[in-house]
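Each of the next two complexes has subunit A plus one more chain, namely subunit B in the first and subunit C in the second.
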Partner chain A sequence: MSVTTTTRGVGRLLSPELKTRALLFRWLIALLLPLLVFTFVWQGDYVINNVLLGFITPATALTAPSKAIQSAIFMVLFYFLVLALAGYLVASDSGRRKTVSIWLDSFVFAVVPILLIDVTNNLVIGIAVSGIAWAIFFTVRKRIKYLAEAPSSPTSLPTISNDELLQRAILGGFWLGLTLSVIWLLVDVLFFVTGTLQTELLIFTAIRTVVLPIAGYFLGMLGGRVAQRYTAAAYASRDAKNNAKAGHKSRLESQQVVPNDQPLRSSGARTFYMALLIAFLLFYPAIDQYLFGYGTDGRVTGYGDAGYYVILALGLNIVVGFAGLLDLGYVAFFAIGAYTWGIIGSTQLGIIFGTVFNPLVLSWLFWPMIIVSALVAAFWGVVLGAPTLRLRGDYLAIVTLGFGEIVPIVVLNLNQVTNGANGLVGIHSPAFFGLDWSVVTPTPYYYLVLALIALVIFANIRLRDSRLGRAWVAIREDEIAAASSGINLRNTKLLAFGAGAFFAGIAGAYHSAKLGEISPDSFSYGDSIVFLAMVVIGGLGSIPGVIVGAISVYSINILILGQLDSLATDPTSFIYPVYHTITQYVPGFTFGNIRNLIFGVILITIMIFRPEGLIPSARRKRELHRDDDAPAGAGALDIVPSDPGFEAEVRIE
Partner chain B sequence: MSAEQVVSIGQNGEQTITPLLELRNVTKHFGGLAAVQEVDLRIFPGEIISIIGPNGAGKTTVFNLITGIYRVSQGDILLGGRTLVGLSPDAIVRRGITRTFQNIRLFNNMTVLENVLVGYHTRLKATVLGALFRPPQVRREEDVARERAIELLSFFGPELVERQDEYVVNLSYAEKRRVEISRALAADPKLLLLDEPTAGMNEYETLEAVKYIRRLRDELGLTILLIEHKLAVTMGMSDRIAVLDYGRKIAEGLPEDVRRNELVIAAYLGKPSATDQEETAAE
Partner chain C sequence: MSEFLQFVIVGLVSGSIYGLIALGYTMVYGIIELINFAHGDIFMIGTLVTILLFNLLHVNDTNPPTGLALVGILLLAFIVTMIVCAVLGVVIELVAYRPLRNAPRLAPLISAIGVSLVLEDVGKLWKGLSPIAFPQIFPRAQINLGAVQVNEIDIFIIIVAVVLMVGLQWLVQRTRLGRAMRAVAQDREAASLMGVNVNRIISVTFFIGAALAGAAAVIYGLEFGTTVFYVGFNIGLIAFTAAVLGGIGNIVGAMLGSLVIGMVQSFAVLIPDSLNPSSHGIGLPHGGGSWSLAIIFAILILILVFRPSGLLGQNTPDKV
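Entry: the complex of A and B
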C-alpha cells in the first residue's frame, strides 16, 4: 500500500464523514455508558490489573491463580465483544430511530441491571427487579409518542454497499476503542498521581492505550463482517444457492435484515448477546467473587440446582408444548431417573445383590448411567403414556396426575430395591480425571449441568425442526387432520411421552448424584405443577422461553421466596422495615407462611398480562393475541356431534 | 374422460376393468341411526366421481368410512382389491387415499409450507435418531420435501409460493382450501377425496376451483371423488354421479341421466303433495 493511500485511510479513520459522525456519536454514548458502569461496578480493570501484578511482582503473587486468570480472560473477552458489537451496531443502524430512544434503551437494558445487581448484591434478585423495571418501561414507552417508532415499510430501508458497511463498522470499533483507552488513561493517571496505582502497571497502561484502538479497529471489522451476513443481498444470494423461493418478504419485515431500524434487537446483535451470555456462564464460578464477594460456593451450588430445573422444563416442553399432551405427573419420570442412578450408584446395589461393589468403579459408571437412567425413564414414559392415548385434555391430565402419584408410592413400598422410606444415601458423585466432586466445591457440577443443558437444548432444537417435531405440532393442532395426513397418532404420542421422560431421567440422575441422597418424599405431586408452571410461564413450545421460565420460577420459588424470611430478619436488608411494620399489625407473620400465596399471585399476574409466556414461541403469541376480526374457522360450528372431531377444541370467540 | 384403467384378463380371456376403489354393501350404524345403508360404489382410475344428496344424506360419513375415521358396521371397502376396513387413517394414507375436509382443517398455527410438509409425513423416513443427528440422507430428504412442497403450491399459481412462510390463519378461504389440497397431494395419493371443495366460494372462485380440480386429474393423473352441493358444478365436472338420500344410494350414472331421475328430484325438492298432484292432473 502506498504512503498516500495509508494516510488517506488514516485520515478517513480519524475524521469520518458527517453522516457517519452522527451514527458514531449516538452509539459511542450508548455503549460507553454501560461499559463504564460495568467497569466501575465490577472492577473490570482491577481484575486485569491484579493478574498482571501477580505476574510482574512475586510479592503480590495470586492466592487463587486459576480463578483470577479466568476472570481476567473473561474481562478481556467482554471488552473485546463489546468493541465488535459497536462495529456491528454502527454498521447496521438505518439511522431512523431517535437517538434519545436508543440511549434510553441502552440505559434501561444494560445499565439498570448492572446497577440493580450491585445494589441488591444478588444476581437473581437484581435481574428479577430489572425484569419488573423492563416491564414498566415497555408499558410507559408505548404511551410516549415521541419515542414511538415511526411506522416504516421494510422495502424503504436504505441499502448500503458491503464496503460501506465495513467502513462504518471499523469506524465504530476504532472510535469506541480510542475513547475507552483515553478515558482509562486519564483514570490511570489520576490514580497514579494520587498514589493508588502501582508504578509497575504503568507499562501496561501504555500498552493498553495503544492496543485498544487497534483492537477496536479489527474488532469493528469483525462486527462489520457479521453485519454483512445479514444484508438483504446476502439473504438473496443464500436463497438462490439453496434454491429456496420467497420467504423474502417475511425476512425483510422481521428483525433480521441489515440495515435495521432496531439494531439493538436485530439478529446480528443477538449473536453478540449470546456470545456474551455464554462467556458469562462459562466463567461465572471464577468471576463471582469479584461481583459478590464471599459465598461463591453457595451461589454456584444454587445455580447448579437451577440447572436441572431447566432440563426438566425442556423435557416437559416436548410433551406439553410441542405435542400438546397435558402431563401433570412429570415428577414421576424425574424420580425414576433419580432412583435408577441412586440404586446403581450407591451401596444399595450391593445390598440388593448381596455383595460389595468397588465405589470407584461405581463412580465411573455415572457416565453411562446418565443414558441408562434416561432410557429407563423413557421406557416408563411410554408405558405410562399408553393408557392415555385415546384421552384428551382434562382426562389425559387426570390419568397422568395419577401416575405422578403412583410412582413415588411404588418407590416407597419397594423396600428391597429402593430402601423405602429411608431413602438412599451416599450416592456417588461421578468420577472424572482428577476432579474433586465432593461437597466442598460445587464447580464441577456447575459445568456438568451446563454441558447437559447444552446437549438437551441441541437435542430439542433438532427434534423441533424435524419431521417428528412437525408431527407433534400437527397432533396438537388437530388430531383428526394429522391422522388424515398420515401421522400415526399412537406412535407419535408415545414418542412424545418417551422423549419428555428421557430428559427427566437425565435430570434425575444428575440430581441424585449431586444431592447424594434421595427419598420418596423429595418427589411430590406439587413438583409436577411447578414444572408445568415453568413451561407455561416461559412460553409453551418455545425453547428459549422455557429456559427463562425455569430460571424464573426456580428463582422466585426458591431463591427469592425461600430467602425472604432470612432477608426480612436481617436489619441491614431493604425488606427489614417492611417486615417490621407488618409484624406490628400482624403478629406471627412470616414470609414462609404466605410463600405459596405470593407464588400463586405472581403466576396469576403473569397469566393475565402475558398468557403467551415470557418468551413465547411465534405460534403461541399469535394464537393468543389473534385479531378480533379474524374469521372463525369456516364451518367450525358445523361439526356433527357424532364426529370424533366434535370434542376437539372448537374455539368460539 | 382420460382414463388409464387397470385392465385385467380373466380366465376366459375377457377383459375386465378393476375398480380403484370399491364400496360393497357398506353400512354404518351410530347406535340406532343408520347413517349409511348398503351403499355400493365403484370408482375406476382416472375418473371424477361426485356424490351428491341433500344435507344429512350421509355423504361425509361415507368419506369418513373410506378414510378410516369411522369403522364400517357391515360391508367392505376395497382399494385395488385389498380391504381397507379396520385400518387406521394414517395407514389408509399410506395405501394412497387422502382427503380434504368440509370445514377446512388446516394446522392453524403452522405456516403454509409447514402444513404441506406435514402432508409429506408418510413419504419421509426420518426417525428420532435421524432427527437428532441429521445424517446426510435426512438432510437430503428434507430438502427434497421442501422443493416438492413448493412445487405443489405452485400448481395453483405463484401466490401461495410467495406466502409460504405465512401462518395459514391469515389466508383467505379460497387460499386455505388450496393449501389443504396441496397438503393432501403431498402424500402422493392415487385417490383424492374432496369434501365440498367449493363450499363458501363465490362464482369466480368456484370456476377457478373447477378448473384446478380438472387439472388435478388431467395433469397429475389422480382419481377424484367429490362431495358437492352446487349441482351446476357437479354436472359440469363429473364423469359419473352417485346420489345419496337418507344413507342409501338412490341413483348413479351419467350427469344427464341423474339430473332427470325422478327419485333424485324428489329427494332434493320433496315429493309433491296430494293437492299438487291433483292440480297438475287438472291442468
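Entry: the complex of A and C
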C-alpha cells in the first residue's frame, strides 16, 4: 500500500464522510448502551477486575485459577465478538430504517434482559420475564407498523461495492472500540480518584485503552468480511429474480442479503449471536460464580438436567414434527432407555443374571451403553409402532397413549427384572478411565449434556435434510400423495418411530446415570404431555424452535415456579405480599400447585394466537399466516423449475 | 355361579359409568373430530360440585335423608350437577375450541390438553391434593335376586345409565335436533346449506355430552364414596378407550365398548398371581388386578389392528 493510501486510510478512519457518519452514530449508540449496561450496571467490570485481582494477589481470588482463566477468555471473546458485530452491522445497514426504531430494538432485546437478570439476580427468571416483554413488544410493534408504515419494497435495496462495505465495517469496529475505551478510561480514572480502584489495575486500564481501538479496527474488518459473504453480488442468481418474487419470499430474502433493512435480524448477525451463545454456554460454569455468587453447583446441576429435556424434545420432534405421527406415549421410550442403563449399571444385573461387573474395572461401560440403550429403545419404538401403521391420526394418538401407560405398568410389575416400585438405586455414573464423576461437581455432566445435545442437533439436521427427512415431511402433509410418489409408507413410519425412540433412549441413559436412581413413578402420562407441549410450543418440525420450546417448558415447569415458591416464603422478596394475600383466599395455594394451571393456560393461549409455535419452521409459518402476505405484484410468479435457483428455493427450511 | 354374577354386576356398574362418559367423548369426536381431553376433568368437577351441593344442603352420612327427601335430594343433585357440567362444557368449547375450528388438527388437541390441565389444577386448588369423601346417602341395602345378593345402589346406577342412554339414543334418532346433530357429524358444510345452525348444534352436543358426564359424576360419587382431583384423567382415559373400542363417533358403539371394558376390568382380577406359589407360575406377576389397565389397552390395540375403525365403526376410506 502506498503512503498516500495509508494516510487517506487513516484520515478516512478519523473523519468519516457524512453518510457513513450517520450510520456510525446510530449503531454506536445502539451497541454502546447494552455494552455499558453489561459492563457497569451488571457485572462485566466487576468480573474482569476480580479475575485480574485474582491473578495479582491470589489470596483474594474468588475461584480456582482454571475458572478464572475461563472467565477471562469468555470476557475477551464477548467484547471482541461485539466489536466484530459492530463492524458487520454498520456495513450491512441499508440506512432506510428510522434510527429510533433501531435504538428501540437494541434497548428491548439487549438492555432489558440484562437489567432484568440484574434485578431478579436469577438468570432463568430474568430471561423468562424478558421473553414476555419481547412478546409484548413484538405484537405492539407489528400493529403499529401495520398502521403507520407502508412496507418498503425490498426490490430497491441500495447496492454497494465490496470495498465500501469493508471500509464501513472497519469504521464501525474502530469507533466502537475507541468510544468504549475512552468511556472505560474515564470511569476507571473516576474510580481511582475516589479510591475504589486498586493501583495495580491501572496497568490493565492502560493496556485496554490502547488495545480496544486497535482490536476494533481488525475485528471490524472481520465483520466486514462476514458482510461480504452476504452481499447481493454473492446472490447473483437470485438477485435478478428479486423483482419477480411474491412479497413474502422477497422479504425473507431481503433478510439475508447485505445491505439490508433489518440488519439486527439478518443471517450474518445471526452468526454472531450464535457465536456469543456458544461462548456463553461453554464457559457458563466458570463465570456463573462471578455473576451470581453462591449456588453455582445447584444451578449447573439444574441446567444439566434441562439438557435431557432438549434431547427428548428433539427426538419427539422427529415423530410428531417431521413425520406428523402424534405420539402421546413418548415417555415409554424414555423409560426403556433409562431402565436399560439402570439395570446394567447397577447391582440389578447381578440379581437377574447372577453376575455383576466390577465398576472399577469396567468404568468406561457407560459410553458404549448410551448407544446400546438408544438401540434398545429404537427397537421397542419399531415394535410398538408396528401395530399403529394402519391407524388414522387420532387412533394413533390413543394407541401410543396406551403404550405410554402400559410400559410403566410393566416396569412396575416385573419385579424380578426392574425391582418394581422400589426402583433402582446406585446406578453408576459415567466415568472417564477411573475418574469417577459422581463425587464432586456437576460440571462434567453439564459438558456431557452439551456434547450430547450438539451431537443430537447435528443428527437431526442431517436427518431433516436427507431423503428420509423429506419422506417424513411428505407423509405428514399427504399420505396418499406420498405413497403415489413411491415412498414406502410402512418403512418410513417405522423409521420415524425408531429414530424418535433412539434419541429418547440416549436421554434416558443420561438421566438415569446422572440421577443415580429411577423408579416407575418418574415416568407417567403427564411427562408425555410435557414433552409434546415442548415440541408444539417451540414450533413443530423446527429444530431451533423445539430447543427453545424445551428450555422454556423446563424453565416454567421446574425452575421458575420452584423458585417463585422459595421467593414467596422469603419475607424480603417482592413476591411475599402478593403470596400472602392470595393464600388468604385460597388456602391450598402454592406456586408449585398451580404449575399445571399456568401450563394449561399457556398452551391454550399459544394455540389460539400463535399455533405455529415460538420459532416456527419457515414452511409452517407460511401455511398458517397465508393471508398476512402483502399482495403479490403484477408478474410476480414463483420461481420456475428451470431456473438455477430452483433447488435452493425448494429446500424445506 | 353367584360369584360369576357378582363379577358381572361389578362389570355392569363400571361399564355404566364409563359408558356415560364415553358418550360425551364419542359425540364430540363424531361432530368436530376432536378428542376432548378435558371431558374426564369435567366429570371430576362434577363430583366436586355435587359435594359442594351436599355441603350447602347439610346432607351427610351421619344423618342421611330417607324416603321422599332422599328422592328429592338425588333429583336435585342430578339436575344441578348436570346443568353445571353442561354449562362448563359449552364454555370450554366457546373459549378453547371454537377459535381453533379451522386450525390444523393438532392445535385443538393441544388446547384440549391445556384445558384438562387447567381443570385439574382448579380441582386441586378447590379441594386439595388428597381424596375427598363423598357423602354416602344412598341406602346400603341389598336385594336378594335369587342366586346373588345385589346392592340396591348397583341396580340404581344401572337403571339410571340405561335410562340416560336410551334417552340419548331416542334424541339422536327420533328428533329434529338429533337429525341436525347427525347431519353436522356427517358433513358440516352440507348441513349448513340445509339450514342447520352448525355453531349452535356443536354447542348443544357439548352441552349434552357434558351433562351426561355430570350424571356419571353423581353416580360415581354415590357408589365409590370418594373423589380426588386426578380421577378425571384415569376414568377419562378408560372411557375414551371404550369409545374408540366401540368405534368412535358411534353412540351404540360407545355403550358396547364401555360394557366390554367394564367386564374386562371386573374379570381381570381372576387372573392368578404368578408370584404366588399356589398358582404354579401361571398368570401375571402381582395378579391380574394391577395389570387391568395394561390388559384393556392390549385388547384395544388388538381390536384396532384387526378392525381399525373399532367394533361398530364404519370404515371410511381416505378420500383423495
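By definition in this document, the second predicted complex is superposed on the first by the 567 of 653 C-alpha atoms of A that agree within 3 Å, B and C clash if a C-alpha of one lies under 4 Å from a C-alpha of the other, contacts with A are read in each partner's own complex, and residues count from 1 in each chain.
Quick note on the criterion: contacts are C-beta pairs under 8 Å (C-beta built on N, C-alpha and C of every residue); 3 or more make two chains touch, one makes a residue touch a chain.
Please read these numbers as outputs of a predicted model, since none were measured by experiment.
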item	value
First (subunit B), second (subunit C), both or neither touched by A:410	second
Which superposed partner A:471 touches (first subunit B, second subunit C, both, neither)	first
First (subunit B), second (subunit C), both or neither touched by A:463	first
Partner chain in contact with A:607 - subunit B first, subunit C second, else both or neither	second
First, second, both or neither for A:390, with subunit B first and subunit C second	second
First, second, both or neither for A:594, with subunit B first and subunit C second	second
Subunit B versus subunit C as contact partner of A:139, first or second or both or neither	neither
Which of subunit B and subunit C A:529 touches, first, second, both or neither	second
Touched partner set for A:161, first subunit B, second subunit C, both or neither	neither
Doubly contacted subunit A residues - partners subunit C and subunit B	480, 623
Subunit A-facing residues of subunit B, complex	30, 35, 60, 64, 67, 69, 88-90, 93-94, 98-99, 101-110, 114, 117-122, 124, 126-128, 130-134, 138, 142, 146-147, 150, 161-167, 169-170, 173, 176, 183-184, 186-187, 199-200
Complex interface listing, subunit A residues touching subunit B	243-247, 249-250, 459, 462-463, 466-471, 473-474, 477-478, 480-489, 495, 499, 619-620, 622-623, 626, 630-631, 633-636, 638-640, 642-645
Subunit C residues within the subunit A interface of the complex	29, 33, 35, 95-96, 99-100, 103-111, 113-122, 124-129, 233, 237, 240-241, 244, 248, 275, 284-286, 290-291, 293-294, 297-298, 300-301, 304-305, 308, 318, 320
List of subunit A residues in touch with subunit C within their complex	320, 326, 387, 390-395, 397-399, 401-403, 405-406, 409-410, 412-416, 479-480, 525, 529, 532-533, 536, 540, 586, 588-589, 593-597, 599-604, 607-608, 611, 623-624
